[in-house]
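Chain nomenclature is as follows: A, B and C, assigned in order of appearance, with residue numbering initiated at 1 for each chain independently.
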Amino acid sequence: MKLYQAELRLPAFPRGFHLITPQVLRAMPELKELQKGMLQVFIQHTSASLTINENADPTVRVDFESHFSKMVPENQSYYRHTMEGPDDMPAHLKASLLGASVTIPVAHGNLLLGTWQGIYLCEHRNDGGRRNLVLTAWGL
Amino acid sequence: MKLYQAELRLPAFPRGFHLITPQVLRAMPELKELQKGMLQVFIQHTSASLTINENADPTVRVDFESHFSKMVPENQSYYRHTMEGPDDMPAHLKASLLGASVTIPVAHGNLLLGTWQGIYLCEHRNDGGRRNLVLTAWGL
Amino acid sequence: MKLYQAELRLPAFPRGFHLITPQVLRAMPELKELQKGMLQVFIQHTSASLTINENADPTVRVDFESHFSKMVPENQSYYRHTMEGPDDMPAHLKASLLGASVTIPVAHGNLLLGTWQGIYLCEHRNDGGRRNLVLTAWGL
């Protein structure tokens, strides 16, 4: 069995949801060596997250930002962790709701994503800066 | 190390939450070959999802549908992705809240689920049709 | 490729969010044998969950409890699964929102967590008792 690991340091993205499937594929060319296997993408941060969702109409990503910012609002009276700004505690909550990783099956050197699936970077801070990902692929 | 991969094309399920542990086990008989390992179940769609929850009382699954449809309502004024019907954008949001995959440890050829745990297909569309899953198992 | 599996039976924790990274590391000393790989932590319950979030300021974990208990309230009129107490159905819903497992890349015998990341046990019941985890590590 083979196992490959790589780091991917993304450029800074604005707050919102962003398709990063091409960047992930470029950072792990060894995926082509796997007949069958898995790829995990892991984000080393607690105020940004990863998810899989629709890769076509960009209004889906706009609606993600609207909905998550309504479901997890800023400036709630019960927040005690407020030192790092009003967008910080909601960012931590959104990060756990969406998750720190996505794991995708691989066959014949390609991700087995559905036709409409893409990998999103979910940037929950107003100025999150650059984010580090760890990619790990394993299989036969 | 061994690695097995299979596709599972589910029948169409109505909107709601449905136990599919038996279907998953039937689609991956090679699980019996693993003394220790992992099984991932991945859904190739962006308006349905997978989760693990209680496998006994069916009212839990009814309450999941009620709660998720209240927490992520239809027809919000801020939705811009509305072309595919009022159940579509909420379906995308619910899919990311719950996730596109579940990964479960395996020992002695069996899933190491707790007594009350089962795998749910979460069908978020009114007429989602058949859904494709990819199962990948690896281990010794 | 190597694969290790261990069980970790946690002590009972009060309702809320609790850092358990040290307990996880102690239960899987074989992590030191992996040059590159993965660790999955899986919880065998449906009313408690696991997530990754900030490991420093404890008010983050307090705000998690406040926010999740507001987002998934007790005693909703639409709950039908009420036999096991008012904290039970919200616990199931929170467990699926956060998830039953976390999977973390490993390099040089260490978890590749970001500086601020830790593993949380999310105890959603008032008296959840002891919780069982299954740890599985694989790699080269």
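The rule we apply is simple: contacts are C-beta pairs under 8 Å (C-beta built on N, C-alpha and C of every residue); 3 or more make two chains touch, one makes a residue touch a chain.
Given the structure is predicted, the values throughout are model-derived calculations rather than measurements.
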Interface sides of chain B and chain C: same vs different residues, half threshold: different
Angle (degrees, nearest 5) of the CA superposition of chain A onto chain C: 120
Rounded Å distance between chain B and chain C, as computed from the means of their C-alpha atoms: 20
Per-residue overlap in chain C, given as positions that touch at least 2 other chains: 1, 71, 97, 99, 103, 138
Touching residues on chain C, where the partner in the complex is chain A: 1, 36-38, 51-54, 57, 59-60, 62-64, 66-67, 70-71, 97-99, 102-105, 107, 112-117, 120, 138-140
Residue ranges of chain A in contact with chain C within the complex: 1, 3, 5, 40, 42-46, 71-72, 76, 78-81, 83, 89, 92-93, 95-97, 99-101, 103, 132, 134, 136, 138
